[in-house]
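Both complexes below contain chain A, partnered by chain B and then by chain C.
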Partner chain A sequence: MPEITVDARGMACPGPISALTRAYRNANNGDVIIVMATDPGFEPDVKAWIERTKNELLELKKEGGVITAKIKVVAKK
Partner chain B sequence: MTKGLAIIMFSGTADKFIPLGVLTQTAANLGVPVRIFVTGFATPYFTKNKPQPRFPKEFEDMVPALLQGMEKIKAPSWYDMVKEAKETGDVKVYVCSLIAEMLGIKKEHLDPIVDDIVGATFFMKETAEYEVIFI
Partner chain C sequence: MKKVVILGGGGGGAILANLLPREEFQVTVVDKSPLHFFQPGNLWIAFKGVKKEKFLRPLRELLKPHVNFVQDEVVEVDLQNRSVKTRNGKQLGYDYVVFATGAELDYDALPGHRKLLETYGDFYSSPENAEKLYKTLLGMNSGRFVIAVADPIYKCPPGPHKGTFLSWELFSKRGLSDKVKVVLAVPVPHAYPSKTIADIIEPELNARGIELHTFFTANEIDLDNKKIISLEGEELSFDVATVIPPHRGPSYSVTPESVKDGNGYIKIDKYTSKVEGFDDAFAIGDCTNAPTSKSGVTAHLQAEVVAARLQGIDAKYSGRTNCPLITDGKGLFIISDYDHPPIPVRFSKFKRLMEDFFVATYWSAIRYPEFWSPVFKAYFEATDEMIRKGEGW
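So, the complex of A and B:
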């Protein structure tokens, strides 16, 4: 299964979620999308996006101001 | 979650276009439909001959810092945000037929981002179950 990396560092709201949505549009179920962001709102935003779109958050980690979300695409129709 | 957003875009100052872009793109990212009703002083910005954006005089002193900050974070323009939201999700832009008549604006004068010229009745019916935001 392909792994797609989205570098949204430096972008501000709603840039990281828009970048994630762009990647998601071209993704298939089973793909993993990794988003890196520095926007301080990214953590609650990505959780809300996951809840709304019913995809799966595999991992969320924070290292030196960078928030990395690992998302499994499961909700594509 | 709301069934959709009905955004009435009335103000014509540059600051008010920022929430238009952010709300529209966020809704599209979440799969929430958006219908934008363009009226009042915002209308000229949806034509092919867009005027220069202007900020409200009362906040003039804050404008340089705001513009600098937008450049620093490479914030996309409201126009690009709405345009991309239209590609991502269910987003439609309507121009109010009353203001179009008042300003002599015809369909051929409108920016391609606009879907149609409609009346308030159509808009109200189409967005009957949506949350309404007036900008």
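So, the complex of A and C:
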């Protein structure tokens, strides 16, 4: 399945949640979006985004200051 | 003498042209318009009725006399052969080229968007459309005025928020705050992408009775039934609406095409503005893929970095943002960089004064950047310290 990588490490405002939402606009159901971020605010934001949009969070890990979220796009109409 | 061709005479291109020493560089700026437009002016035009002429000046007058100005449209940039082609058939060779052509706004991406723009105007596309929006709002006596966002990466991240507060102020001055509902819809989980900033904005929205919708990415406009439909499957009704469109990088041909990313933005080293794979090509401002706010401040700071680098100085751009957010009478700056999310800031009249000051000195800062550089440098160094210390302002 198509994998879209969003490298939002070292991103200033507007930050990784905006990068994720932008990638989501161009994604299709079945795609996997992998977002990497160094902004600690991304962790609560991506969880809130998953809950609200009903897409699937496959994995969320934190290593060495980098948050990586693997998201399966399922909720696009 | 090194030949530098700068594509675009906006905030980034004009400042860079004026910074390069004439003894060392033969500078040419290419821009399809004879006029330089102060883009934030759209807010004053659309929401305060200021005439657009206040924010437009001939680019020729803003460029130092020794800078060559070619009024023409770029159609092709060949980085391998170091050549730029224009609409009128000019071929410009260079030692260095700098992309500074800005972002392109796509009003044909969302169904119904162009019709919406033509009906009401907006405060992003042009000063003429900003004047149109002002007329529309003056004729609005009741109902819902909706500002929505189609794509979360757009120029001036606080733009929609400024539009929200300033339109509220306009309706309030007309005695219509009970009759007109101002609505802001954003794609992100809170009022602003950064929760730190959202926590400061949301009480101000609530205090004014402004309706906020989050997780709303505008995707389609149904003008007949007066509603905006989001990617997330929700609908917002409106009486008047404006939607910030998807942005793209330059559409003119660039060889190799691989220097553009998936959205058409020029791929650069985010610190040096060097175009990936080339030592003699740079890009600044909204046309790049730099992971920071698309704003005049970014273009200005990147212009300073490129000017220094062309003179052999190892200058770097930290990703520093300084986005102004103004409400009626107050202001704040959203301060962040590549290594730090926005610091907590609060609204104050003093910061609004500072923003008004920056606006008043804009023409001078473009024409005489060398005089303003030390002032801006001192400001950025002082506020960078706040970032490093984790202090708010």
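Here, the second predicted complex is superposed on the first by the 74 of 77 C-alpha atoms of A that agree within 3 Å, B and C clash if a C-alpha of one lies under 4 Å from a C-alpha of the other, contacts with A are read in each partner's own complex, and residues count from 1 in each chain.
Just so it is clear, contacts are C-beta pairs under 8 Å (C-beta built on N, C-alpha and C of every residue); 3 or more make two chains touch, one makes a residue touch a chain.
Keep in mind it's a predicted model, so treat the numbers as computed, not measured.
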> Among the partners chain B and chain C, which is in contact with a greater number of residues of chain A?
Replying inline: C
>> Quick one: is A:R25 in contact with chain B, with chain C, with both, or with neither? Answer first, second, both or neither.
In response: both
>> Just checking: does A:P14 make contact with chain B only, chain C only, both, or neither of them? Give me first, second, both or neither.
In response: both
> On chain A, what residues does chain B touch that chain C touches as well?
Replying inline: 10-15, 17-18, 21-22, 25, 48-49, 52-53
> Which chain A residues qualify as touching chain B in the complex?
Replying inline: 10-15, 17-18, 20-22, 25, 48-49, 52-53
>> Residue numbers of chain B touching chain A in their complex, please.
In response: 1, 22, 25-26, 28-31, 73-76, 81, 84, 88
> So in the complex, which bits of chain A are touching chain C?
Replying inline: 8, 10-15, 17-19, 21-22, 24-26, 38-41, 44-45, 48-49, 52-53, 75-77
> What residues of chain C sit close enough to touch chain A in their complex?
Replying inline: 151-153, 157, 187-189, 193-197, 215, 217, 231-233, 246, 262, 270, 291-293, 319-321, 323, 334, 336-342
